[in-house]
Amino acid sequence: MDAEAAKYIGAGLAAMGAGLAGIGVGYIFGSHLLGAFRNPDAEPRIAGRLFLGFAVVEALGLIAAVVALYLAFAG
Amino acid sequence: MDAEAAKYIGAGLAAMGAGLAGIGVGYIFGSHLLGAFRNPDAEPRIAGRLFLGFAVVEALGLIAAVVALYLAFAG
Amino acid sequence: MDAEAAKYIGAGLAAMGAGLAGIGVGYIFGSHLLGAFRNPDAEPRIAGRLFLGFAVVEALGLIAAVVALYLAFAG
Amino acid sequence: MDAEAAKYIGAGLAAMGAGLAGIGVGYIFGSHLLGAFRNPDAEPRIAGRLFLGFAVVEALGLIAAVVALYLAFAG
Amino acid sequence: MDAEAAKYIGAGLAAMGAGLAGIGVGYIFGSHLLGAFRNPDAEPRIAGRLFLGFAVVEALGLIAAVVALYLAFAG
């Protein structure tokens, strides 16, 4: 396999990584929504943890996305 | 494997990434629905978090979709 | 592997992506059903969120399906 | 396959590792949010465990990210 | 495939192993947090089990990480 071909397969694999991180972000927001419906008054106090968790997982997904986009387009 | 062939396999892998992000989006909406049936009156107040979470996960899925469509069609 | 062969493998991988998005859609409808049995009177009001969530995840699955169908039939 | 090509495929695989760790971090934050809505007053006392768990899983994801970025860009 | 190329693919696969262990560590900490919010007074007594479970799974992830880093950098 030459390097040109490998870049396209690597891009596809890295795009899967972005999708996998999406499962983690989805779980964070889903859990926040479940909790917020139980106790809506506490929502503003707890939203800070939501954004922290969202940011650190989204960062992992965006690293995978950067690898995917670089391999797909900068090849 | 030549580059033409690798693009098709990479497109298939990246399409899996779009599907994986769909699990995350599904969990967000599913949790919102579960909560909304418990406490329908709080739904308008909490829907903002739903759309935020949906947007950030869908973005990860669309990055994977862009990689998939580019590799499949722009090859 | 030549390009003709790679298209068929890529089509299979992309079809897995459509199936993965099906997990997300399934979770949305499943959660809606669980909630609707607890609180049937609220169902018409909340069904709008169901259709929105269903549509955005189905879209991710259909992108994967389009890639799969293109690679399988337009080869 | 030559070394240049293998680096790109390895980068894609390692990017999947970053995404997989994102599922773990997402579960930690999601569980913390679910619990914090049930018992908001205990949140400051328990947040220490959140940060410990977050740090050790994020570390695993960042190791995978370092391997992915090194293989993609330093090739 | 020559040995140089195989090292890079092996590094990527090993980095996936570190990420997969992260799912396990995330489930341990997430479950601990869920339980701790229900019964905060028991937390110090139960934290010993948390650290034991964390240590044995993190060890598995770090073995994968060491393999990934060695293959990527010492090649």
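A, B, C, D and E are the chain letters, set down in written order, and residue numbers restart from 1 in every chain.
Please note the rule applied: contacts are C-beta pairs under 8 Å (C-beta built on N, C-alpha and C of every residue); 3 or more make two chains touch, one makes a residue touch a chain.
Model, not experiment: these values are computed from the prediction.
Think of chain B turning onto chain C: fitted on CA atoms, that turn is 35 degrees, to the nearest 5.
Legend note: the chain whose CA centroid lies nearest the centroid of all displayed protein CA atoms is A. Remark: chain B and chain D have CA centroids separated by 19 Å (rounded to whole angstrom).
With centres set at the average Cα position, the gap from chain B to chain E is 26 Å. For chain A, residues that reach two or more other chains under the stated contact definition are 1-2, 5-7, 9-13, 16-21, 23-28, 30-32, 34, 36, 38, 43, 50, 54, 61, 68.
Taken in their complex, chain B has these residues touching chain A: 1-3, 5-7, 9-14, 16-21, 23-28, 30-32, 34-36, 38-39, 42-43, 45-46, 49-50, 52-54, 56-57, 60-61, 63-64, 67-68, 70-71.
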